[in-house]
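In order of appearance the chains are A, B, C and D, and numbering begins at 1 in each one.
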Amino acid sequence: MADEKKFAGYVCSGCGLGERLDAGQLETTATRDGKMQSCKQHEMLCSAEGVQMIKDDIANDGVTHVMIAACSRRAKVEAFNFTDVALTRANLREGVIWVRPDTDENKETTQEMADDYIRMACAELKSMAKPSASGEQSLNKNILVVGGGITGMTAAIEAAAAGYPVHLVEKSGTLGGAVGSYYKVIPTRSPYDAPAENPIPALREAIEADGNITVHLNSTLTKTDGAPGRFSVDIATESGTTETVSIGAIIQASGWKPYDANQLPEFAYGKSQDVVTNHELEALAVAASGGPIKRPSDGKEVKSVCFIQNAGQCSDKDGHLTYFAGVTDLVSIKQAMYFKELNGECDTTILFDNLRTPGAGGEDFYRAGQNAMVTFSKGIASEVVPGDSLTVKFEDKILNEQTEMACDLVVLATGMEPNSGPDPYAQLMVDEAEDEEEKAKAQAILENAPPSILNLQYRQGTDLPHLKNGFTDSHFICFPYETRRTGIYSAGPVRRPMDIQQARDDATGAALKAIQAAENASLGRAAHPRSGDLSFPSFRKEGCTQCKRCTVECPFGAINEDEEGYPMYNESRCRRCGTCMGACPVRVISFENYSVETVNQQIKNVEIPEEWDEKPRILVLACENDAYPALDQAAQAGVEINPWARVIPVRCLGSVSLSWVTDALNNGYDGIVMMGCRRDDDYQCHFVRGSAMAAERMSKVGDTLDTLNLEPERVILHEVAITDVERAPQLINDMAETVEKIGLSPFKF
Amino acid sequence: MAKIELSFYPGCSSQKGATSSNYLVSAQTMCEELDIQLNEIPDWNCCGASIGYGGGGELPRLTLSARNIALSEEHNAGQEIVATCAACWLSTREAKERLHEDEQMFKDANAALSEAGLKYKGESNVRHMVEVLVEDIGFDGIKSKVKKPLEGIKIAGYIGCQTNRPFGIAGESFENPLYLDKIVESVGADSIPTYEKKVQCCGGALAFSEPEKSQEMIKGIIEAAYDNGADMIVTPCPLCQANVEIYQDNINETYGTKFNMPVVYYSTLMSVAFGRSGADAALNGQVIPAKQLEEIANK
Amino acid sequence: MSDLNTAMIEKYRSSFLKEVEANVEEGEWVKMCMQCGVCSGSCPLGKHWEHPPQEIFMMIRAGKREDVLSSDSMWMCTSCYNCIARCPRGLPITHIMHGLAVYSKRLGLTPQKQPTAEFSQIFWDNLMKKGRVNELKLGLSMYFKDGFGQGIKNAMANQKLGQNMMKAKRMNAMEFFGGHSVKDLSGFQKIIKKAQEIEAGNIKEFK
Amino acid sequence: MTEVIATNETILVVGGGISGMTAALEAAETGKQVVLVEKRPYVGGRVTQLYKYFPKLCFPTCGLEINQRRAKMNPNLNIISMAEVTDIKGEAGNYTATVKISPRYVNENCTACGDCAKAVEAEFDDEYNYGLGKRKGAYLPHRMAHPQRYVLDPAIIGTDDAQKAKDACKVNAIDLDMQEEVIEFKAGAVVWATGWKPYDANKIQPYGYDRIANVITSVEFERMADPNGPTGGKLTRPSDGKEVKSVAFIQCAGSRDKNHLLHCSRICCMASLKQATYPADEVAISIYYIDIRAIDRFEDFYQKVKAKENVKFIKSKVASIVENKENGNPTLHGVDTEGYNRYADEHDLVVLAVGMEPSVDKASFPVEITINEEGFIEPAPENGGVFAAGCSSDALDVNRAVQHATGAAMRAIQVVNRVAATEG
C-alpha cells in the first residue's frame, strides 16, 4: 500500500472558473491526458467542505498525489496544505481567466490555456514524489560561539538561557574582547546622560556561573567539518592540545580591530605621543585609575583635548575607510565626558562634520555631552602640528574660516575594521573583475587575506563570505540573518560596524538563529528562505561526469567533493534553490518534487498546435519569489496576458536547466521568456547568483538557436521585480509580438 | 452669566492721554457688557515692556513685575491678574515663571521688595484679556451679547508677537492662531483666517529706535490686509495697534503707497457690536477712522 | 608666549562660555545650541544681524569674546519670541540676546550710538523717574538724543503724527509737566535700586 | 467565535509589522507555538506602504512575499488580524491576554475575487495611501494583503451598500452579522512589536502642512513614488497635478525637537537620501538638514547621492514655509548655517521627513511596562516576560528592527523553554 501511487485531480469551479471554462472538459483533460486516476469537481474547492473532500480521499482512498486546478499556488495556501501527499496546483484563476477577456471570441483560447495548465500540472505530478526528510538526522543542541568579546559572551549567555549547551572559544587568555579594556561604555538605558559602567565583569561572572557554557580560552578552531546538526569542530589551545566537539550550529563573533592610525600622518599620529586613537584613549582613562587622565608624552594632566571625528573614515583617500564606524561620535562624547569627570576644568572640543548620534539614546547622549560643556564644532580638521602644545588646524564650517586651536591631547576618532576570515570568493572577484583597477583591488584583498577563523572544510573556502569592506553581513535588508553558510551566523561588529547595544541585540538574534538551525537540521528542514522545505537534491552517480560545476556554483558552499570528484551533498547546508540542478550539464541532479523532469514534462505536455493553426506557444519560466507574484498581482489588477503564454514557476532562475530551453525549442515553442531577479551589486536573488548564473548560462543559448537555425530573439531573459505588475505581463506580450513579426517556429510536429 | 472678577493691570500706555487710552475705554465698555469686573491693582508700576531690559538688566526688570504681583496678591487677594497689553501680560507672566523656576532669583526679588515692605508669593495666575474671552466667556458667550452684528465688514485679525509667543492662548498655534478670527466671526464680521501676516512682528519698541526697519515690516502687514480684501485690521496689542496705525503716513511717503487702513482693538469691535456708542467704543481714538464701525454705532 | 599664541590658546576654550554662563541672563543655555539655525531664519529683522543668534552661540564657544560683545547684532532683537517658539532645543534665545546686550553695555563694549541701546536706556530712565512711563517725554528724549538740532528735525518730521495723536487724545502735552506716577515712588525706587545692587553683586570678574 | 489554542508555552506577538512578523516567524520556525495579534486587516505593517528600501533601493514587497509565504506554510503560527490586545495580566511564564477582535464582515470563504468591491458605491479615504486616494467600502487593503481577504468598512454596515456587497458575493463570504469579539487566552511570553506612526505633520505649524497643498510628508511621497500607488508613480503636485521640477526635503520634521519628538528618528536622513533618487535627474533636489546621519555602510549611499548633480545639501533647519499664492510654490525661509547665508527658496514640492513616534501612547499600554521619556519601551528586567521588538523600543530602520525582533523572539523562547522544562 505504502508504495502504491494514487493520482487524484480536483477541479474547482468557483471564482468564475465554472462560468468561464468548460469544467467537464477540464476533468476529461485531467483524466484522459493527465492520467489522473480520479478527478472531482467542486464549486468551491477551498471551502471547508472542498478541503474535507480531498482530505477524505487521502485518508480513505489512499490518494498519494494531488492535482488541484483552481487558483494560484500563492492563494489559499493554508487550505490546500496537504503535507502527506505530493501536491501540484494548476493555476486557472490568476493564470487564465483573470488575464483573459471574457468574450466569446476568446473562449476557445482561454479554454486551451486552462487545458494546458491541467496537462502541465498532471505531468509535473507524475514525475514528483512527496518530499520527506532523509531520517538520518538527530538533534544536536550544542552551540559553538567563536569569539569571547561582548558579542560572543552575550550570544553564549542567551543560547544557554534557552537551554542549549554552549562552547565559547576565545583566542586570547580572557573573555571581554575590546570592550573588556574600556573605562566605561556608552549608556544603554534611559536617561542616557552619562557613560555607563562596563558590563564585561558582570558578564564574566554570569558565564562562570553558567553550567551550560564551556569556555575555551587561548583557543582557535583548526577544523570545522560537517554541516548544521553535525559539525565536528577541532578546538586547539595555544599549548597544543586539541579537543573535538560535536556542534549543532555556529555563531561567529570575532569582532573588530581598530584602524591603523599610522596611515594618518597629517594628524601627527606616530609623530607625537599625544595624538592617540579613541581606542588608545580608553587605556589612558583606565590607567588614570580614577584620577585625571595624563598625556602620554610627559605625564602632564590633560587640560585641553580635541577630538577629530572621522579620522581616516568616511573618506575615499587611499588607505582610509570609505564607511563610517557608526559609533565613533557617541564614543567621542563618552570620552569627552571622561575628561569632564576626571580632569576637572578640562576643555574638550569635538570637531565633526555630521554628528551621527541616532535614535533616542543617541540624541539624549548628545545633549548630555553639551550639558557637560563639551564644545561641538562643525569643523573639518586638516592638520595636527606636533609640539609641546598640539595645534589643530581646521575649517570651522559655521564661522566659515580656516582656524586653529591649541590642546594638550588630540584624540582621533578612527574606524572599525572587521575581524573576519578570508573571503571564499576573493579569487572569483579577481577572475570576474571588470577592469584593471578593480582587478588590482581584488588581487590585493586576495593576497592580504587574513588567517582563517572557522577553518571550514568546505569545497568553497574556509570562512564566511564577505559582503563589503570585509564585513560578513547579510545582503538583505529584511533578513539580517540570511547567511550564505547555513547554520553559521555572524554577529556583532564582524558583521557590520555597530555599538555595544546593537552588538548585544545582534548576538541575541544570532543565538536564536543558531538554535533554530540546530532544531531544523534535526528535522531535515530547510533554512530561510525556503524554510521548512523537506525536499532535498540527490544525484544519479552513474550519470555524473565529475565536472564539478555543481560544487563550484552552489551559492551556499553546500556541496563538497569526494576524492574522485563526485559531489557530496550536505542536506542541512543546502537551501533547496536548485542552482546545482541548473548547473548540471548531464541532468543527474533532482529534488523529489522539483527536477529537470518535472519541468520538462510540463513543457512537453503543452499541446503545440500545428503550424497552420497560427497559435504560437510561448514558454515563460518565472522566478517564484518575484516574477510569479508580479504576474499574480497583474492578474488581480486585470492586466491581460497573451493567450499563447504558458507560465512555469521555478525556484530560482539559477535552477533552470539549459535542456528545458533546447527541449522547448525542439518541441515547437515559438518563444521563451525567462524572468529572474535583479542581478547587479544590489542583487535581489536570495540564492545570491541564481539570476546572474542563468544569464551567463543562457548566453550560450545562442549556439543552440544557431544550430536550430532559429532567430536569437526567440529566447530572452529579463530582470523582473515583484513590483513589475504592469511590466511583467508586457514582457510576455512583447514576445508574442516578436513571434508574430518573425513568424512561427518551424519545429512543430 | 456669573460675574467674573479680576485683578486688572492696565499698563502705562492705557492711561489717560497715552497711546492706547482708547484700548482702556473700549475694554472697560466690553467688560461691562460681559459682566466682568476689573479691580485695578493699586499703585501698579511699569512692567519694563520689551525694551526696558537694555537699561534694567534681569533682576530689576523681573522685580518690576514682582512688585505688581505682590500688590495684587496683597490688595486683590485670590483674584487672577489680567492685562490688556501684550507686553504687560508677557512681562508679568514671564517674571512669575522665572521666579518660580529660579529659587535664588525668587529670594533676590523678595529681598528687593522688602525695601518697601512688600512680599512676592507668586501664586496668582497671570492672564491676558483675550484668554478670559476665549476660555471663560467663549465665542458663543460673545455671540450671545451681540446686538448689532458687524455685517459686511471684512477684518484681518492681526495678533502680533507677544500676545502669541512664547505663551499664547492654550490650544492655538504660534504660526496660525485662529481665535481672533473666531472673535471677528462672533461679532458678525467676516474673518480672514488665511491672513498670512497675522503673527508678523511690527518691530515692537524698535519702531522708535529703528524706524526704517520696522516700517518695512509694518508695510507688509498692511499690504497683506489689503491683498486679502480687508476693510480694517483688528489687534489685541496696544503697541501693534499704534505701530500699524500711526505710521501709515510715513510709509506712504517712503514707499509711495496709499494706505489708509483702520486698525482697531477687538474691544472696540465688541463694544460696537454690543450696541454701545462710538464714544464708549473709543472710536474717537482712531487716528484713521473706522468709518464702517462708526456707521453701525450711529445706527 | 607671544600675544598671538595667547589668543590661540583662548580659541575653542570654554572660558568665554563660562563667563557668559555666569554673567549673562540664561547664559547657561548657550552650550545646548546644535547649530540648526532656525532662530536665525525666524528673526523678523534677521537680515540686519551681522551675526545671527546661532552664529553668536558658536562664536561664544569658539572664544570670540570681543567680536560677540562689541557686536550690535543682539540689539536687533524686537522681542518677537519667534526664535524661542521654534528652537528645537528650548533655548530662551530672546532672553540670551537681551542678556548679551546688557552685558556688553555693562562692559562698555556696545557700539556707540546704537539706537536701540540708547532707546532702552532712555526708556528705563524714564520709567524709573515716576514708576510709570511718560510717553511724551519718552518720545522727546528719543528725538533729542542726538542733540537739539537733530531733535527739532526729528520732531518736525513727525509733526503730523504727533498732531494726529493729539487729536485722538492719545498724546497729551500736559504730560510734560509731571504726568502719571506711582504713589509710593520712594518705595518703588528703593526696591529697584536694591535689585540693581544685588544684580551688580552677582557679576563675576573675568579678564 | 474565534478560537485560539494557547498555553503557557505559547508566545504572544503583539503587532504584525515587519518586527512582529519576524519575531513570530522566527519563533514558529524554531518550533514554538505563536499567536500574532495585528490591529490592521493585514500583516506587514508600514513596510507594505514603502516603495523602496534604502540603501539597496529594492522593493519591500519582495521580502513581504517571502515572509507571507513563511506565514502561510507554518502551522505553528496563528495570525489574528483586526485585533487588539486590551489587557495582559500575570507574569513571565503565565500570562492571560485579552484580545478584542473587530468584525471584518468577511469570513474565510473569501476568494478575493473583488465582486463585493465592484458592487458597493461608498468611497473612503484610503488609509493605505495615507488618504491620498480613495478606496471602496468593501476593499482589499492592498494587492498583496495577507490574509488575502476583503474587508467591509464598518461605516457601510446597515446601509444598502452592505447588502449589495453581500448579494454580489458568490461564495457566501460576507457575514453582516459579525460582531466584535473579546477573547482571552494564555501565553508564556509576549513580544511587543506595535511599531511606530509618522509624527503628525499638522503639529509642525511653521511648515504649514495643514495650510499649504504642496507641502507633504515623506510617507505620502513614498506612496506617490510607487507605480502601484495613488498617482501611478507620478511625482505630481497636490495643488495642480503639475509634474514637479524641484523638490525640497526638510529633515528633522518633528524629530530632535523638544516641541515635538525629543529623539532623533534615525531613519529620516536615509529615507530622504533614498527619496532623492526617485525623481528624474533633471529634477532639482534640495535637502535641508542639521546632521546627515548615515550610519556605517550607509555612508556609501550618502556619498552616492551627494555626488548626484541635481542634489544639493543645505545645513539648515528651515524656519518657516510660506506659500506663494500666485503659483502655489512653497517658499522656504531660513539660514544656511555653513557660513551664514539667508535664503528664501521656492520649490514645486516640499517633503517633510517626518519623525517616528511610538504607535502606542505612553499612557495607554495595556500591560505594565517600563517606558522612557521618548515613549519607547526600555529593556528593563521589570518587564518580566514582555519583550519589546523593533520600533516600540527605539527609532530603528528595517534592518535593525528585524535584528532586534529576532533577539526579542529569543528572549521569549527562553521563557517558554523554562516553562516547558518545569512543566515537561
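Following the convention adopted for this analysis, contacts are C-beta pairs under 8 Å (C-beta built on N, C-alpha and C of every residue); 3 or more make two chains touch, one makes a residue touch a chain.
Everything numeric here is computed off the predicted structure, so don't read it as measured data.
Chemist: Spell out the chains that contact chain A while also contacting chain C.
Modeler: D
Chemist: With centres defined from CA atoms, tell me which chain sits nearest the overall protein centre.
Modeler: Centre-most chain by C-alpha means: D.
Chemist: B-D versus C-D: which has more C-beta pairs touching?
Modeler: Higher C-beta contact count between the two pairs: C-D.
Chemist: For chain A and chain B, what's the span in angstrom between their mean Cα positions?
Modeler: Their C-alpha centroids are separated by 66 Å.
Chemist: Which integer distance in Å separates the CA centroid of chain C from that of chain D?
Modeler: A distance of 49 Å separates the two centres.
Chemist: Could you grab the centroid distance between chain B and chain D? Build each centroid from C-alpha atoms only and quote it in angstrom.
Modeler: Chain B and chain D have C-alpha centres separated by 45 Å.
Chemist: Chain A to chain D: how many Å between their CA centres?
Modeler: 24
Chemist: Can you list the residues of chain C that touch 2 or more other chains?
Modeler: 34-35, 54-55, 85-86, 89
Chemist: Going by the contact rule already set, what residues in chain A reach two or more other chains?
Modeler: In chain A, 378, 398 touch at least two other chains.
Chemist: Could you say which residues in chain B touch two or more other chains, in rising order?
Modeler: 174
Chemist: Each pair of chains that touch: what are they?
Modeler: A-C, A-D, B-C, B-D, C-D
Chemist: Residue numbers of chain C touching chain B in their complex, please.
Modeler: It is residues 25, 44-45, 48, 75-76, 78-82, 84-86, 94, 98-99, 101-102, 105-106, 115-125, 127, 131-133, 135, 139, 142, 158, 160-161, 164-165, 167-172, 174-175, 180, 182-184, 187-188, 190-196, 198-199, 202 of chain C that touch chain B.
Chemist: Contact residues on chain D for chain A in the complex?
Modeler: Listed in rising order, the residues are 18, 25-26, 29-31, 47, 53, 56-67, 69-70, 72-75, 109, 111-114, 143-144, 148, 170-171, 226-228, 256, 262-264, 266, 291-300, 303, 315, 337-340, 372-374, 376, 378-380, 394-396, 398-400, 402-407, 409-411, 413-414, 417-418, 421.
Chemist: Looking at the complex, which residues from chain B come into contact with chain D?
Modeler: Those in contact with chain D are residues 173-176, 194, 196.
Chemist: Taking the touch rule as given, give the residues of chain D at its contact with chain B in the complex, in rising order.
Modeler: 205-206, 208, 210-211, 320, 322-323
Chemist: Spell out the residues on chain A that touch chain C in their complex, using ranges where they run on.
Modeler: Counting only chain A, the residues touching chain C are 304, 306, 347, 349, 366-367, 370-371, 373, 375-378, 389, 391, 396, 398-399, 403-406.
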